[in-house]
């Protein structure tokens, strides 16, 4: 079956279950497809050092690690980070690429499937 | 040829305008119909418009089958 | 066309109406319609409109993990699946509409 | 038991189930309490001539009628109406009062219970 | 104090965390805590944390109409009620926090 | 004496400022903590602040029991 270029675009902040489910979905997709997980707007908070369990949400650390092992590409939008004054991301055992809006647009344009959250 | 069909679900939540290329189409659905974009290449879900009692010119309205016709001809759908 | 709808919103949302209307329009157009329910979308498995869509020819899948978590009983007309199953559906389908 | 001055403040647009449930709740409350149902922001769309059944939401007409019979006061905020270009409300068999933000503030201040939607 | 929490959001929402934390803090303060579930809030009746709150002393009520509509089974620790029942709870309680 | 306790759930969704009187208190909860008001009479839910990794001065933070203490002394609660 066809391997597709798939983007999971996470716009919502992670402080509820949405980003958690989005990342679980991205891990599943990364088994078959070339997956780009792109965090924009409040979605970028998912990559900061926050404490999900304190507010009843499971941690996504394992999903992010799995995405790395499955060769998914994880990207945070530069503009969204700076608008929110986020200077430092949490340390993950996976590379988080920081890309500009223009670079992200190019990835979106070339994607075959885009799932937004 | 349509490249990407953007389904816009919320008012004033248009995708960063640089994303939208000449071959892309915006289709307003749900509460997205409450505000219309200033570009030309947009349509609105007829049923969602009529249900909300909003006036939008007939030529901009598509029913669900017409939206799927457009989607079929496109490369992909992005729900925004 | 082969159309996949992914549904992560609950059945009392605007997304639910959009889902049902797209699925029906697709069936009318003779599309091969598949729907994958996940997260709060698994609550839709208890809604009669979804059962009706299954009877009208839509293929219904759901993330068993999310449904179990929400204590939603399996339905005979819906196929238990997983995020990996969703990945396969994405391979098989031509267009994907994701509602969340 | 104490009859309270209760406000149901409907801020969300009615095009999902929220306003429907809010109005059902207001009817229940109006049996015991002096209820003010106040529509502000996108909530004012609830009083226009829209077609809920078309998008799978039940009509609230009966709830609005019941509120009238139970002597609840129904109010739409003037500013919210004009910001949205709403000139004409649907005809209900119940008086819909149009009040300014300031007048609504006074009602909110004097309320004992406020339920927001 | 007599504290009433009204819950209309589903159990996978930020409101659910707020609800559980307020209820627990109230019980710790020896408040008389009542919770009324309605609309999508009735899905919370299937969540173990709500059962736990009932065991810890919170009184649990729900709108039977909304629960039936969502095919949610009655729970022995939750009292079937209605919007009129909610009206009575509003009379009896000193403070009301409404999450929707 | 506290008149109304406003629980603010969303960023930038402060109640129309005229509503807030001198005896009212704003308490930011959930995502409401992502933006702080320019007035003085506000607090934030400690757990919601720490969970989101946001820095707010300690003196502004209240735990759930402290919030309920305030609510008990007030006339009513409005969740905004």
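In order of appearance the chains are A, B, C, D, E and F, and numbering begins at 1 in each one.
The working rule: a residue touches a chain if its C-beta (ideal position, glycine included) is under 8 Å from a C-beta of that chain, and two chains touch if they have at least 3 such contacts.
Owing to the predicted nature of the structure, the values given are computational and were not obtained by experimental measurement.
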item	value
Common touching chains of chain D and chain B	C
Interface residue identity across copies chain C, chain E - same or different by half	same
Where chain D and chain E are represented by their mean Cα positions, the distance between them in whole Å	24
Chain centre separation (chain A, chain D; CA means) in Å	40
Centre-to-centre distance between chain E and chain C (centres being mean Cα positions), rounded to whole Å	30
Touching two or more other chains - residues of chain D	15, 17, 55, 113-114, 116
Residues within chain E bordering two or more other chains	12, 14, 17, 39-40, 96, 98, 100
For chain F, residues contacting two or more additional chains	30-31, 47, 76-77, 79
Touching pairs - complete list by chain label	A-B, A-C, A-E, A-F, B-C, B-D, C-D, C-E, D-E, D-F, E-F
Chain F to chain D touching residues, read off their complex	3-4, 16, 18-19, 21, 75-80
For the chain A and chain E complex, residues of the former touching the latter	15-17, 55-57
Of all residues in chain F, those that touch chain A in their complex	30-31, 34, 47-48, 50-53
Residues of chain E that touch chain A when the two form their complex	12-14, 16-17, 20, 49
In the complex, chain C residues that touch chain A	6, 8, 38-40, 66, 82-88, 90-92, 96, 98, 100
